[in-house]
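Letters A, B, C, D and E name the chains as they come in the text, with residue numbers starting at 1 for each one.
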Amino acid sequence: MIHWVHPALFFFIGAAILPFLNETKRKLVQLGVPLLSILPLYYASKGTHGVLNVMGQELIFGRVDNLSLVFAFIFSIIGFIGMVYGFHLKTVREHIAAFVYAGGAMGAVFAGDLFSLFLFWEIMSFSSVFIIWFGGYSRSAGAGFRYLLIHTFGGVMLLGGIIVHVVNTGDASFGAISPSGWAGGLMLFGFLVNAGGPPLHAWLPDAYPEGSVTGTIWLATFTTKVAVYTLVRGFPGAEVLIYVGLFMTLFGLGMTILENDIRRLLSYHIISQVGYMVTAVGIGSELALNGAVAHAINNILFKGLLMMGMGAVIYMTGKRKATELGGLGKVMPITAALYMIGGFSISGVPFFNGFISKGMIISSAAEAHRPITTLLLTLAASGTFLSTTLKLPFNVFVGRDKRLKVTDPPPNMIIGMSLAAIFCFMLGVQPHYLTDYLPFPDVEYHAFTMSHFVIQFQILLTALVVFLMFVEKLRPHETISLDTDWFYRKAGTFFMKFANGPISIWEEFIIVVYKKAIIAPTKWFIVLCQKFDTGVIDRIVNEIGRGVFGGSWFSNAFEKYVVYAFINVIGYLNHIAAHILKRLQTGSVHNYAMMIIIGIFILVNLYVLLGDQLIQFMVAVK
Amino acid sequence: MLSTLGEIFAKDQLGFSVLSFTIFIPLLVAVLLVFVNDEKQIKKFGLLATLTSFLLSTLLLIFFREGTPDMQFVERLDWIAPLGITYHVGVDGVSVLLVVLTTFLSVLTLLFSWKGIDHYFKEYVICLLVLETTVIGVFCALDLFLFFLLWEIMLLPMYFLIKTWGGARRNYASLKFVLYTLLGSVMMLVGFVILYLNHQSATGIYSFDLLDLFKVPLTSEKQIWVFTLLFFGFAFKVPMFPFHTWLPDAHVEAPTTGSVLLAGVLLKMGTYGFVRFSLPLLPEASTYFVPLMSILGVIGIIYGALLALAQNDIKKLIAYSSISHLGFVILGIFALNSEGIQGGIIQMINHGISTSGLFFIVGFLYNRRHTRDIKEYGGLAKQVPILAGFYLVISLSSLAFPGTNGFVGELLILIGAMKSNLYIAAPAFIGVLLAGAYLLWLYQRTMMGELNNPENKKLLDLDRIEIGICTALVVVILWMGIYPFPFLRMMDSSVTFITDRVAATQKMAESPKNDTLLIQSKINQSP
Amino acid sequence: MIPLSYYVTVSTMMFVIGLVGILIRKNFLIILFSIELMLNAANINLVAFSHHFGEVDGQVISLFIITVAAAEAAVGLAIIIVLFRRKATTNVDELNLMKW
Amino acid sequence: MVEISFFLYFAVLTILSSIMTIGFRSPIYCTLALLSTLLHVAGLFILLNAEFVAAIQMIVYAGAVLVLYLFVLMLLNLKTPEDFLHKQVWVALFFGVVILIEILIGLFKAPFFSKPPVAKSEELAALGNTAEIGLSLFNKYLLPFEIVGMILLGAVIGALVLAKKYREADA
Amino acid sequence: MESIESIRPFLAVLVSLVAAGLILKFDHHPNQREAISIGAGIIKFLIVISMAPAVLAGATFHYTLFTFVPGLEIAFKADPLGLFFATVASFLWIVTSCYSIGYMRTAKEIHQTRYYSCFAISVSSALAIAFSANLLTLFIFYEILSFATFPLVSHKGNQTAFEGAKKYMIYLFGTSKTFFLAALILTYNVAGTLDFAKGGLFNGQGSPMMLTVIYILFIAGIAKAGIMPFHAWLPAAMVAPTPVSALLHAVAVVKVGVFTVLRVIFHVFGVDLMASLNLGIPTAFFVSFTIIMASIYALTRDNLKARLAYSTISQLSYIILGAALLTPSSMTGSVMHIANHAFSKITLFFCAGSIYVATHKIKISELNGIGRKMPWTMTAFAIGTLSMIGVPPAAGFITKWYLAIGSIEANQLPILFVLLTSTVLNVAYFVPIVYKAFFHKPAELAADAEGNYGIHHDDIKEAPYFVVVPLVFTAVMSLLIGLFPSYFMALTQAVIQ
């Protein structure tokens, strides 16, 4: 006997073969896969299976225990229900995404170590976003994108936490983790993002209403519940979760009362319900954990039912705002009835499953001696009744008749809803089908006590009275409920502005810097250099050259006026002397005689005066 | 006389005076050409002369003995014996490549001149041949007087080349060229004479012989004086900043062959002078002047490059790029280590090849379009793909693209310079960068983009001779770029000899008991 | 005894007079006279020294001089006559054939 | 004292007549003054014990040469010019005086100046002896004597040739 | 470590050089030409892969071509890091060659011969860089690569292409010629050698100050790695034909950049020296800035290739970040990311090219609904996207995983947050493309700036097989590497040890 076949495999294989099948076979596969996936769950033996060694890391794909099994079961079941509900659809891709999504959720639930958990976690994120996109509303794409962003953010936080954890402890197995420190903190944050925890919860009411009618079932089921599963697994008894959970519960509730969009209202409701579970995990007692798990499972069922009901309304009418709807009870009686079953379940009306699980959580809070927590949770239960079970159906199914020409939805939808309703009721009256499979089956919890009944009825009646008193006030309004998504939408816009503004400027700046700060000054400098070269250096050279030529003028002048003048003067003197001599050449003997005499006289005198020196000179010359 | 001629033949290691033949064959043919008038014959003779010279010079490469710093192929002959002037030629690792470069480029220039010279063709060839003789002689001369003599004679043909076959402002340019060089060479002569007299006073023998002068020590102060004098001689020729302004003018106005020879070999004479004379003869002064020279080199690099970026005239651009490139050579030489000097020498060769190549390219364009204005061109690659291809390779070589010869030189220079002085060498990288900028920009402006100018649409691509010229250059570029080791090995021991000489004095300067203390203190004071 | 110097002084003065005479006179004859004066001055000197040293040589030479003077006179006069025949004057200044 | 008186007389007149020789305007007067000069010089010769020379002086100079001059003078029949002095007269006089002074200064400095004659009186007595002169002339100075003779001959012939009146055709 | 003298590294380089020559020869025979291209790619890949067993066994292949200048050789060495990169590059060349055939023929590009030959030279250079045994060889081929890719970038020959190519040149040459060359020379002067060595080549020489300067010069000089502020060339170079962008700007050029950085960090400086100089962490923070900024900027780009380009800038810094953190895990992630990013990003580029070929659309805003018409392309794109984001089990996750581990090992929590933020940003800029392609209704046709109407939505068909098959193949590969990373992981381990 095979001990272990990973149920996610069915989904993945299904997703893989789906595109290649014709319509009949495809529908068969659609229904068959979730059913088939239940089989291995039945045969699964508890323990660790499917250990894979990748890159030196042990990946545990199959840790089978009560906690994982019970989630897996419900995933299979709701998968089947969802497939039935969406049976009529001809689209393939949505189903592929749904299968991958479901497979991811399955995988995450069975993941025994943090790596494989993260692996499936991411698969979930990336497949679920397609479901939102397949919604086909104008806002789907944007909402899906935001959804994906936030989930990626949560995912990376988780990854960060995982890494820190693994590095710090050297242990990658997924068990209880201390919520303090970076590792725990980041992982907790990552889980809470998926659980719709504040302040990043806004993805939930933002994205879920934009999914397709059928797709929303899957959405409402997997992401948050896997998150609850991981919280239960990882952070049982983390004190902080109580406060987070309470906040979620009340905040979600508050928003439901204000909300007009019917699926958005339900989405807030999911937050509120998950808040219960988170609180329970925070309380951390065995009962509380049981309650959390039970409530998660119930929630999957009744929330699926509610979503299916409203989905049917939307599917038939094409309208999604409470103000536009009304009086549908006459034309869609089955839908209305089934919806009411879901409504009763969620608000904890006895004999419906919510009664059990909510009771478990509230009593665990009481047992933990947390009166305020108990009180607030109780209050929230009445609020739930008020909004989901009374206000919304009243406005949609009763209320002012808008005379919409619709009928009940196609049978497969009815069947899907019915199946869910049956489960709700069945688990409400026979809770041990559930409680036996809870992680702590030994814990005794008796839901059907008198006090529980009484308290619950009181609460519900109070809520009913309030509703009747304020029925007019609770008429739907055209509201725009502000939520934290406003912040991150604005932040997104702002961020894009930032990206388009300063960052772009920075980027342009970098590019411009090269032009302006490097190229342009270089060009400028080059021009400067050019000027320097021609204007200064070359000019100096030319000036020197000119100076040299100026010098040549000078020397020319010198030559002309000094050197030549000297020679000329000598010439002139010579000339004059020659003239004199010529004049002396009189031919007159007298004159000659005179000259001879004077000459002799001079010579003699010279001889007399210089005779000695001359003699010495002559001697020296010799 | 006959016996001394016999001496020449006996001295050479090849068995015949290969250097003298290399040097004087062009001259002889030039003389012969006086009596020839047929243009074809002139071409034939000219080509024959340069080719012969080139082939002989390749013998130098083939028979060159590596691993010794000694002069090789030495020929020595008393010339003016009473004054100690000899005809003494020889090559070592520093000069042998330059000799071959000269003969090589001469062949190419002569081939280039096949057409484009429309008047005085005979005189033109004679000028080229005489120029070749003198330049080879300068690179071979081991006698300072012979060196100086050839150095001066070289001016003549160059002057005529610019003056007769030059552009519009040829008178100005040629005069500037000659005056500049003469001014420098006069100072150089004074420096030589000081060396000469020093040798005489030390040994009692008059000698201009370089190898003799090596043996005579010179006091530090004298070295500084002589260095300064020689500096002007060489720096004007290189030209170093700020003595460069003759170069753009001369290049722009000179005919293509003039530019080629001017850039290819004449400029090397300056840097060659530094390596041949300044460093080994005046090691202390060289050390002393290292900061100044390096800074001038770096300024030259950046300044030349920046100015090249500013030019609109292709030739002027390349002329300024020469200043930049020779700045590298100076930087390398005055790193005073073997990498730097080797790089400097290799860079001389590179610059000779690549810048000549660029001038050839410009010459091709000019022969076709008769303009050198960059704006007139653009998108030519489509019209003249072969030219564009060669142009690209040569440009890359010039900008020191890895795989071309330019890179080897620049790498070695920068290694040497960085080793020598990090902070001075660092700005040189800007020069490296700018070299890429101006050359590629030039290429882009001329060759790429749209072929807008209708005149350019009639351009013809290179003909067979032109392709031959370019191919020869590109082969050398790639050979030296990819496998430069043989060239480096040739000059290795000569360079080591020089660096050893310099290093020896540096060591001496470090030891305290020496008259070089003065220098040392001066160095310390210098910023 | 009359000292030698007296004679020499006389001779000198006479010589200078002859010299001056040559220079200042235009007449060829007077110039010849002046020459005679100078010769005589020389004669006086010769004879005075001859007397002074007690030797007869001076006198002998003075005789020669007288003889030569006579010859000179003869030739000179001949020239004068020729000149006069040509130029009809004895004025030396007019004999300027050497002028160039 | 007599001797000095005679000397003074001869000396002074020699000088004076010399000056007159060059100073008279008329050549005739000049000739006569020259005659005077020569005669007085002869007187000086006598004072110097040179009788023979004195005799010759008178005979040859005064008798022969001067007569020759006079003849020529007559022959030429010269007119007395107005400007008998040359233009350079002052220059000549200046230099004449200077030269005279210089020579005289030189003479005064000369070693023989104002020294008594070295000759003895008997030698002096013998000086005037013609025989002595003759002996000397024909022994010691024979050659000069012959030469002088030749000179005279040459002068005579020369004078003849010069003075000969050629016909116009010969000239 | 065993060292084998073998010509194989050089042969691997040579093959595509020869191919380039042959391609030029077969200028007018497109079929032969492209067959040569592919054939050379296959031979090259086989040569490369033939070295793998020995290298994995701890040996290295050496081949010294010749001495370049005294003391420096042109030498090739196939060590694990080089082989890693060589495998990626040579393998993707085959794929890209096939893709090019489809792309270039369909887009009717000009100068195809030039394109193929330059392509071959580029790949050859990339391989040479991968197998360089020393910095000098690396530098030479680095420059040749820059240059050989220039004609590819400016392939279109219009003004934009030239502008882009000019910028490309200015950046790459500018930085490499100044900083890289300076760093190389300083290294040589300090260490006396340029041969890569395990644990660095400095051997204790050089002052810390000097080494730091050298390191900074290296980082600044290797602009191919696209570290801010030296990244602007990359978007500009996207004017190239898409196969060029794909191979060169997802694999060869930019990877050469980061590969060089890794070489510098691992084999020039060595991990120990890096640690002792305290250079790693500052580098990590520096590139973190790039990661974030480039991602944010990618968000604002409407041009698909520009967005991919900025994504590349961001992703490249991952690799450097990993190396800079200097822990074993981070280095593993770093080296692995070379392959991961290569396969993923090339898929994305192929898709962009496919879209262009089929529709001539380049803007993301025009891609509405295109996924329905081109399902294969856009599915591959989605897979590539997932890998880029780092969704397990796609290849990108391995990187992210190891890098994150490394950041913790290095005690750098901020780095971890950078990685995580970057992941979110990756989603933010990639996912809209996917959902637009699949879920948005096609926009009304509007005339573009030149007055041409694009292809009507209904007329859009899937690109030709030569285009689609490679991109699907690489998409699958990027998944497979994530699932079966053993080959690359083994090489990576060999690098790290």
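Everything below uses one rule, namely that a contact is a pair of C-beta atoms (placed from the backbone, for glycine too) under 8 Å apart; a residue touches a chain by one contact, two chains touch by 3 or more.
Keep in mind that this is a model prediction, so the values were computed, not measured.
Q: Among the remaining chains, which ones contact both subunit C and subunit D?
A: A
Q: Which chains are shared contacts of subunit B and subunit C?
A: Under the touch definition, subunit B and subunit C have A as mutual neighbours.
Q: When every step has to jump to a touching chain, what is the lowest number of steps that links subunit B to subunit E?
A: 1
Q: Could you find the chain whose CA centre sits the greatest distance from that of subunit A?
A: Most distant chain from subunit A: D.
Q: Which interface, named by its two chains, has the most contact pairs?
A: After tallying contacts for each pair, the winner is C-D.
Q: Take the average of all CA coordinates in subunit B, do the same for subunit D, and state the distance between these two points in whole angstrom.
A: 97
Q: Please report how many Å separate the Cα centroid of subunit A from that of subunit C, as a whole number.
A: 150
Q: Taking the mean of the C-alpha atoms as each chain's centre, how many Å separate subunit D from subunit E?
A: Comparing mean C-alpha positions, subunit E is 139 Å from subunit D.
Q: Please report how many Å separate the Cα centroid of subunit C from that of subunit E, as a whole number.
A: Whole-Å distance between the two chain centres: 134.
Q: Can you list every residue of subunit B that touches 2 or more other chains, as numbers and ranges?
A: Counting only residues that touch two or more other chains, subunit B contributes none.
Q: On subunit E, where are the residues touching two or more other chains?
A: Correct list: 170.
Q: List, in ascending order, every residue of subunit C touching at least 2 other chains.
A: Residues 19, 23, 26, 93.
Q: Could you run through all the chain pairs that touch each other?
A: In this structure, the chains touch in these pairs: A-B, A-C, A-D, A-E, B-E, C-D.
Q: Which residues of subunit A touch subunit C once you look at their complex with the stated criterion?
A: Interface residues on subunit A, with respect to subunit C: 582, 585-590, 592-594, 597.
Q: Applying the document's contact rule, which stretches of subunit B touch subunit A when the two form their complex?
A: 176, 179, 242, 244-246, 303, 306-307, 309-311
Q: Report the residues of subunit E in contact with subunit B in the complex, numbered from low to high.
A: 66-70, 136, 139-144, 147, 154, 162, 166, 169-170, 173-174, 177-179, 181-182, 185-186, 188-189
Q: Which residues of subunit E touch subunit A once you look at their complex with the stated criterion?
A: Against subunit A, the touching part of subunit E is residues 170-171, 228-229, 231-232, 293, 296-297, 299-300, 386, 389, 391-393, 398, 400-401, 404-405, 407-409, 413, 416-417, 419-421, 423-424, 427-428, 431-432, 435-436, 438-440, 485, 489.
Q: Note which residues of subunit C are touching subunit A in the complex, please.
A: Interface residues on the subunit C side: 19, 22-23, 26, 92-93, 95-100.
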